[in-house]
Amino acid sequence: MHLNVYLAGEIHTDWREQIMSGAKDLAITFTGPVTDHAASDDCGVAILGQEEKKFWHDHKGAKLNAIRTRKALAEADVVVVRFGDKYRQWNAAFDAGYAAALGKSIIVLHGADHQHALKEVDAAALAVAETPEQVVSLLRYTLHGTLP
Amino acid sequence: MHLNVYLAGEIHTDWREQIMSGAKDLAITFTGPVTDHAASDDCGVAILGQEEKKFWHDHKGAKLNAIRTRKALAEADVVVVRFGDKYRQWNAAFDAGYAAALGKSIIVLHGADHQHALKEVDAAALAVAETPEQVVSLLRYTLHGTLP
Amino acid sequence: MHLNVYLAGEIHTDWREQIMSGAKDLAITFTGPVTDHAASDDCGVAILGQEEKKFWHDHKGAKLNAIRTRKALAEADVVVVRFGDKYRQWNAAFDAGYAAALGKSIIVLHGADHQHALKEVDAAALAVAETPEQVVSLLRYTLHGTLP
Amino acid sequence: MHLNVYLAGEIHTDWREQIMSGAKDLAITFTGPVTDHAASDDCGVAILGQEEKKFWHDHKGAKLNAIRTRKALAEADVVVVRFGDKYRQWNAAFDAGYAAALGKSIIVLHGADHQHALKEVDAAALAVAETPEQVVSLLRYTLHGTLP
Amino acid sequence: MHLNVYLAGEIHTDWREQIMSGAKDLAITFTGPVTDHAASDDCGVAILGQEEKKFWHDHKGAKLNAIRTRKALAEADVVVVRFGDKYRQWNAAFDAGYAAALGKSIIVLHGADHQHALKEVDAAALAVAETPEQVVSLLRYTLHGTLP
Amino acid sequence: MHLNVYLAGEIHTDWREQIMSGAKDLAITFTGPVTDHAASDDCGVAILGQEEKKFWHDHKGAKLNAIRTRKALAEADVVVVRFGDKYRQWNAAFDAGYAAALGKSIIVLHGADHQHALKEVDAAALAVAETPEQVVSLLRYTLHGTLP
Amino acid sequence: MHLNVYLAGEIHTDWREQIMSGAKDLAITFTGPVTDHAASDDCGVAILGQEEKKFWHDHKGAKLNAIRTRKALAEADVVVVRFGDKYRQWNAAFDAGYAAALGKSIIVLHGADHQHALKEVDAAALAVAETPEQVVSLLRYTLHGTLP
Amino acid sequence: MHLNVYLAGEIHTDWREQIMSGAKDLAITFTGPVTDHAASDDCGVAILGQEEKKFWHDHKGAKLNAIRTRKALAEADVVVVRFGDKYRQWNAAFDAGYAAALGKSIIVLHGADHQHALKEVDAAALAVAETPEQVVSLLRYTLHGTLP
């Protein structure tokens, strides 16, 4: 068995690297959004031309990013959604809802303090983890049936 | 033409009433989540029995609420998602993502200050409004082709 | 909002009547399998001709019953699956799996003694109830947002 | 032609090994659930933390196991469902229903004594076998058109 | 419960009338193809203009008839396919295959002499009847659970 | 049988009225885009605020119009696409492609001079008509099996 | 580009070999049903045990064959359906209908004498050929854009 | 990540070569229609026999070309649709609508002069480019997150 795992959400800590490093012996292809914050924000206007209004600046970028994220979400078997401590992170919740409607297996990764605010997201998940190590263990168990 | 419109998101202001009132002459069936905050939080344990852990308390409630929201979202032609000023509102973004993956027509309703943080949600929408009056005008135009 | 609710599973107690009676003021259309055990077992051969082998006797009946159950399951918003104390009830679990793959909202109704054996079924459900009264309360909350 | 075959159901006899051994010259990728009974029961709490209530202990495990089984069922061309002599085996019937709704080709494997209780499951199948050898012959015929 | 039943196949005997007459007390909406053989053959050129080649004459008619049959097949819960004694009736088998791929419940109606030639069609059906009276009984049982 | 018929394409002649008038005795619900050219062009900025760039002016309008057209196309049984003599009419061809991918029955309505340029669109259609009267006859035949 | 091509229908002449031989330089994977007539008829009882009634003998065989044909049809890009001169060939028309409902590209291969009887099948096809050589040319053009 | 990109539309300039050349270091499989104009127009009659009427000449060709384009569109992750200066190009808009209904990520490539006429097509796209170089940059960013 081989898994496609999409790593959605927070882009300001190294949680993706921790999971990929911990799972490097597993038959998993990891995908994720562009994590270069500046490039992700400006990609639309950088390629397709400047906009005076910030709304359209953002709009062109968000749509361009959607080419990548939709493709990766559609091909994912498992979607891990990470909620961190900073920013609104509505795009993380949006990806979780998108994945839920596609019937993907969802793992949510967040600290205990977000538990109540994320209850609808957690209710759509097959696992709720607090650490990247737990996510690695979940993936390892899924593929090999072995416990930590 | 008749529209099913789901009103997702914020439950602490009267935006739903404003829209329903403004659109009361239109052939629209409005649905939405349970907006009694206390009932929505406690419904799971109130019906199915208490839980010691807050996580499971929330989990039972969130799942029960999903029976209603999934049904209404699945039957909606248009999903209006309102982001207000308070709380994390991850469930609003989750509903938006869910609606997007189902191919629903999405109208986002939020103030200018949330524009950057909501760019991925806005990019999946067919209209971004700032006031309930605009939403009513959008629905009226959709049904009758008339402008304000 | 109007709900189509399919009542699957056990046919030897009056749980269906209890739910329908308790929910008779709600905007719900209830459906279910043929609950006349003898008719359900013999329908195939009674209409289409006798079989010497019990396997084909059962086969013709089970397929005929599937015309009704597939139609009702496909149109259901909510599927309530009841596991009682007698018989193998594999058809109840089959219906639950069928409903899960169709993305239906599932409510499982069973006693505490079956909890471990039904853990996979419960994990696919949005609510696990122990009494018909609880099911009525779940449906009432879904439609009206009111708690018992 | 290459087949993906999911082996669902009983985990206490060596029927999977018999089928895989008999079919080892065929272009088949076999998948199945985690068959280590203890690991399968405890995986949720072992990775994500203990629960006091047995229900949630089981719930966390059943959901985690669903990541693997949903993926494998979704990719299967053929689902073989084995019903043995012990336990309730509702998860086997659940998997059969899930596979049926996905339109998978189903082979049921059970002894003659379960024939009446499994008539709904058998009615959804393309073949009903009594021995692992028969399943191997069915798969061999499917791929090569050769009879035993 | 209400059923949409599409009556496909032979257009030269009164089997449709027999079924509709026998089922006239049931909550069933019956649909079927245009059964005026001449109109059905010539409709394309009669409305859209003559063709010199018989192939395009037939082609225009067959496509026009498909507007009706696809709509009715798509909305049917049950598709009854009748094979009579005359003509090739490839369109009946085509409709059966079309219905099977859509997951419709299929009832095949044919005499014993066609049994071997129709085995693939029968294998995709939930019931194989020999008389219109049996079809009526199957529909009555499906709706009311009563046997003849 | 009742038909939902979407009338797509040209908005500068009275072909829609001719069809609706000719079919007024038939069980058909007709839908179509907003045919007030000025309103259709300006709806986005009229409701949601002015744009300096013509591109975004058009963009907001086209997206708003999509709420109506997607809903009506999704619910249509038959899509009639009219190509007239003026303008580029790429939106008509876009609607035809959209309808084709949804599996809708398509009737194309155009003059003989456009035949070569529309060959890909015609190839996806079940009928190619030259006059509104022919479209009425096609719809009448579909519903009643009667020829002109 | 690589094509999966399913060769359905007649099993008594060498048309499959002619196509596969003519197309052996093309990037095509050909599949088809079991063409050993005796094995195809008897496979069910040979593996799963004898039946006294011919109906069930055929039924078990037809269902077993469906495991192979459904898999191959589902994965096909193009379905070629050959109608020959002998037998009823209802299974060929059934496969054509099945492929049509799945949205497959269909090529029908038959002599001019069957043209009227096959008009519904031809109307669902993207090409109607009379010889295997034409089918090879169609496939070669599809892949390479070259004409004979 | 690997992308399948379908290049639809204009066949009279070298825009496809420019994109493929610029993106030759990227993990992309490009597909497109047959771009030999004469072969594309005549393929139907060249292989399947002459037609007297130009309509059927075109019809046979357009259907044959659809085998290739449907396959490639169905497998595409991204569909680039180019509108040039010559011809009606209704097939380009048809492909865009087809791709939109399938949920594909669409990039439209056209000059500023077509902006108003293409507003409905642009509204369904995730990016609107004016040059092949921009398309290459969009694809490069999608795969690697790097800006020009």
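Note that the chains are named A, B, C, D, E, F, G and H in the order they appear, and that numbering of residues resets to 1 at the start of each chain.
Just so it is clear, a contact is a pair of C-beta atoms (placed from the backbone, for glycine too) under 8 Å apart; a residue touches a chain by one contact, two chains touch by 3 or more.
Remember, it's a predicted structure, so these values are computed and weren't measured experimentally.
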Chain located farthest away, centre of chain E as origin (C-alpha): A
Inter-copy rotation, chain A to chain H, in degrees (Cα atoms; steps of 5): 90
Listed pair (G-H, F-H or A-H) duplicating the C-D contact set, over half by residue number: F-H
Same-residue or different-residue interface between chain G and chain H, half as cut-off: different
Approximate Å spacing (C-alpha centroids) for the pair chain F, chain G: 37
Separation of mean Cα positions, chain B and chain A [Å, integer]: 23
Chain C and chain G, separation of their C-alpha mean positions in angstrom: 40
Per-residue overlap in chain D, given as positions that touch at least 2 other chains: 63, 66, 128
In the complex with chain D, residue positions of chain G that touch it: 31, 34-36, 39-40, 42-44, 46-48, 60, 63-64, 66-68, 70-72
Residue numbers on chain E that touch chain C, as the complex places them: 1, 3, 77-78, 105, 107, 126-129, 134, 137-138, 141-143, 145-148
Sites on chain A touched by chain B in the complex: 54-55, 58-59, 61-63, 65-66, 83, 87-102, 114-124, 128
